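Residue numbering begins at 1 within each chain, and the chains themselves are lettered A, B, C and D in the order written.
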Amino acid sequence: MADKKKKNLPPDAQEYQTFHDKREVKRPILKNCIKAFLVGGFICFIGQLITTFYIYFFNFTEQTAGSPTVATLIFITMLLTGFGVYDRIGQFAGAGTAVPVTGFGNAVISSAIEYRTEGFILGVGSNMLKLAGPVIVYGVFSAFVIALIKTILIQWGGL
Amino acid sequence: MPVKRWLLIASMIAVIAGCNTDDSVLEPAGSPNNDIELMKISKDHQLDQHISNQAKDSMRKYAEVTAAKAVNTDKKMLMAVEVKHNERFNLANIKKQLKKEMEEQFPHITVEFSTDKKIILELDRLEKEIQKDIAYSPKKLEKELDKLISLSKEQT
Amino acid sequence: MLTGHQTWTFANKPVIISTGTVGGPFEAKGNIANDFDLLHEDMWLEQDSFEKSQQTLMEEACQIAVKKTSIEKEDVQFFISGDLINQITPTSFAAKTMGLPYLGLFSACATSTESLALAAAIINANGADYILSGTSSHNAAAEKQFRYPTEYGGQKPPTAQWTVTGAGCALVAKEGKGPVITSATIGKIVDMGMTDPFNMGGAMAPAAVDTIETHFKETNLDPSHYDLIITGDLGHIGRETSLDLLNKRGLVIPEDKYVDCGLTIYRESQPVLAGASGPACSAIVTFGHFLNRMKKGELKRILVVATGSLHSPLSVQQKDPIPCIAHAVSIESGSDIA
Amino acid sequence: MIFFWAFVIGGIICVIGQIMFDVFKLNPGQTLTILVIAGAVLDGLGLYEPLIDFAGAGVTVPITSFGNQLVHGAMQEAEKHGLIGVVTGMFEVTSAGISAAIIFGVIGAILFKPKG
């Protein structure tokens, strides 16, 4: 990837990039992965606790308890984001807090809070999906394509 | 870049698909499984629960089943089973197989089958209530059962 | 006054008669908190937005710089400044409050030396008696503009830098007491095809090297002329890379004489990853910390090389490389100072 | 048991995300988008439901579950109305995560100021 990009550059730039790459502080991938595993796993564990709570104490089944669980987690995220804690955890955990729905919630909520200085309609309203928008757009679009293919296969392929 | 991305996705699918050994549905074990958590309603009870009792008993042949609950009226039965955790990958197939088996065993009534934790909990509660209350009215049972069946069918 | 292609030497020796430095709460916990004229406890400065608080920072720095002298605000002829928020509006609003003739600059984190060099050039050519030059930045405003919302929990790589909240301002005069500006080298855009906006130090290092090299070539000096060569905000990676690159090209600068504002302002224990950045970084550290040391007599001659990466969120998204620049200003202690 | 697997499987999905961050140098937006698409593809292949049965919140909490839910919604409509159902179904699909994020986003904007 990096090599292909480099080929189109003038020689001095290529030389500099090689020179620089030796001095760049590398991302601690293993450490980051362990942290992501622990924090991400912990969030899912909390999610399972909440799911179990809803199954035992409310009228939710395993099938239906997912939605209130997600909503509860995002509510917690709102509090953590609003009190300025989530970004600290995020710097530590990386994908561990970004990949669970709490990360999606944080992307929406942090944008919403950030843009309130520009007003509620044009600021909060139009910017709150700035970070999370692609997830919705391509989630919906890919789901559409997949459902389409599957339906065609079922109808004509007798799958 | 795009090539790498697709490779990544493909490898993810491969890894997860690898864990999925499909169609290995349950096989009857040699000896009866006596560890199943099940409770039979007394034969003397004014509500006839012998179908449920029979259904629960027939789960004993599977070593993977850990709990079986069932309640019936004279027209329908709701049954729920719990399987060992490492069998849960095949939960959908297990459910299909057992449901078919129950339908074949009791062709004259409608069989609803579930593997949901909530249904297991609710059936357990219902079984205990019936057991305790000799005068449990069939109408109330009918109502309770319908409620649970619709709950088990909820999707989202 | 022009020496070589890109260097001005100032025969009339413009003087920095006073400076004003203002910092935020994070800077107050830093290494050089004592060198600030004013520190704020609150990121918002009781304003409605981060952009407005940046404007307030700039206004306060200017007011402090003027108040320290015997002149009045009305005696100042020009205000030369800039920042890196959308169309440099915080600076422009500050200029409105100041009510001074205003030249707005955009040179990102190199604005401090660019404004200082221009102020010195105008004064040297008798274009003015007093000029206020300086710049400001605000951590949250810059995050919002260039990266993610401040509360977003994205993980920053170890190459990322922390934007300074603060403003630094220097009042340059034709005559008076204080450090004098002897020369300035205006840099060229250097683009080495670096594209990672989370690694600005690495992108800006060649620009700093280019300007430093040109400065020594055109002024016929060698690094031993200066007590310190101060880069703007290269951070750990940029500082190391540029120093190695300078040595490789035969310009040997001892390790301890080559310091970086981005590594001076905060303590090692503060979570700033590769170091500090932002226009205010070089302005505050130079006008506050290093000029104070010069006044104490610890330093005689310094070369300040502020570096700026002139990308925008748009150019990064469109996969353009980061264009970088560096301007150097040489400051010497005045003759009437011990 | 389900708690253990929720932790492990959820953690592994996060590690995949971290690798996309650090090794492939993708930004969070790209990473999450790819994960959502991966979730949709997995559900299309019929692999997501068994994972939910096995790991519970370990796969319903990560963002991949959005893809799963969206495909599920579309397929439900498709079963009722055939091919047209896919199109109309897409517009009827609501994911709890999206609506919760929007609702709490607005509430958050009313209640909080960014801390900086």
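As a working rule, a contact is a pair of C-beta atoms (placed from the backbone, for glycine too) under 8 Å apart; a residue touches a chain by one contact, two chains touch by 3 or more.
Given the structure is predicted, the values throughout are model-derived calculations rather than measurements.
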item: Interface with more contacting C-beta pairs, comparing A-C to C-D; value: A-C
item: By mean Cα position, the chain sitting nearest the middle; value: A
item: Distance from chain C to chain A - Cα centre to Cα centre, in angstrom; value: 36
item: Chain centre separation (chain C, chain D; CA means) in Å; value: 45
item: Centre-to-centre distance between chain C and chain B (centres being mean Cα positions), rounded to whole Å; value: 71
item: Geometric centre distance via CA averages, chain D-chain A, whole Å; value: 9
item: Numbers and ranges of chain D residues touching at least 2 other chains; value: 2, 16, 20-22, 24-25, 28, 37, 41, 69, 73, 113-116
item: Multi-partner residues of chain B (at least 2 other chains); value: 4, 155-156
item: Overlap residues in chain C, where contacts from two or more other chains coincide; value: 50, 149-151, 154-155, 157
item: Interchain contacts, given as pairs of chains that touch; value: A-B, A-C, A-D, B-D, C-D
item: Residues of chain D touching chain B in the complex; value: 1-2, 5, 16, 20, 24, 34, 37-38, 41-42, 45, 47, 49-51, 53-54, 69, 72-73, 76
item: Chain A residues within the chain C interface of the complex; value: 5-6, 9-10, 12-14, 16-17, 19-20, 23-28, 32, 81-82, 84, 86-95, 97-98, 103, 106-107, 109-111, 113-115, 117, 131
item: Footprint of chain A on chain B - complex, ascending; value: 1, 4, 116-119, 121, 151-152, 154-156
item: Residues of chain C that touch chain A when the two form their complex; value: 48-51, 144, 148-159, 191-195, 199, 202, 205-206, 236-237, 240-241, 244-245, 271, 274
item: Of all residues in chain D, those that touch chain A in their complex; value: 2-3, 6-25, 28-33, 35-37, 39-41, 43-44, 52, 56-58, 60-63, 65-67, 69-71, 73-75, 78, 82-83, 85-87, 89-90, 93, 95-98, 100-102, 104-109, 111-116
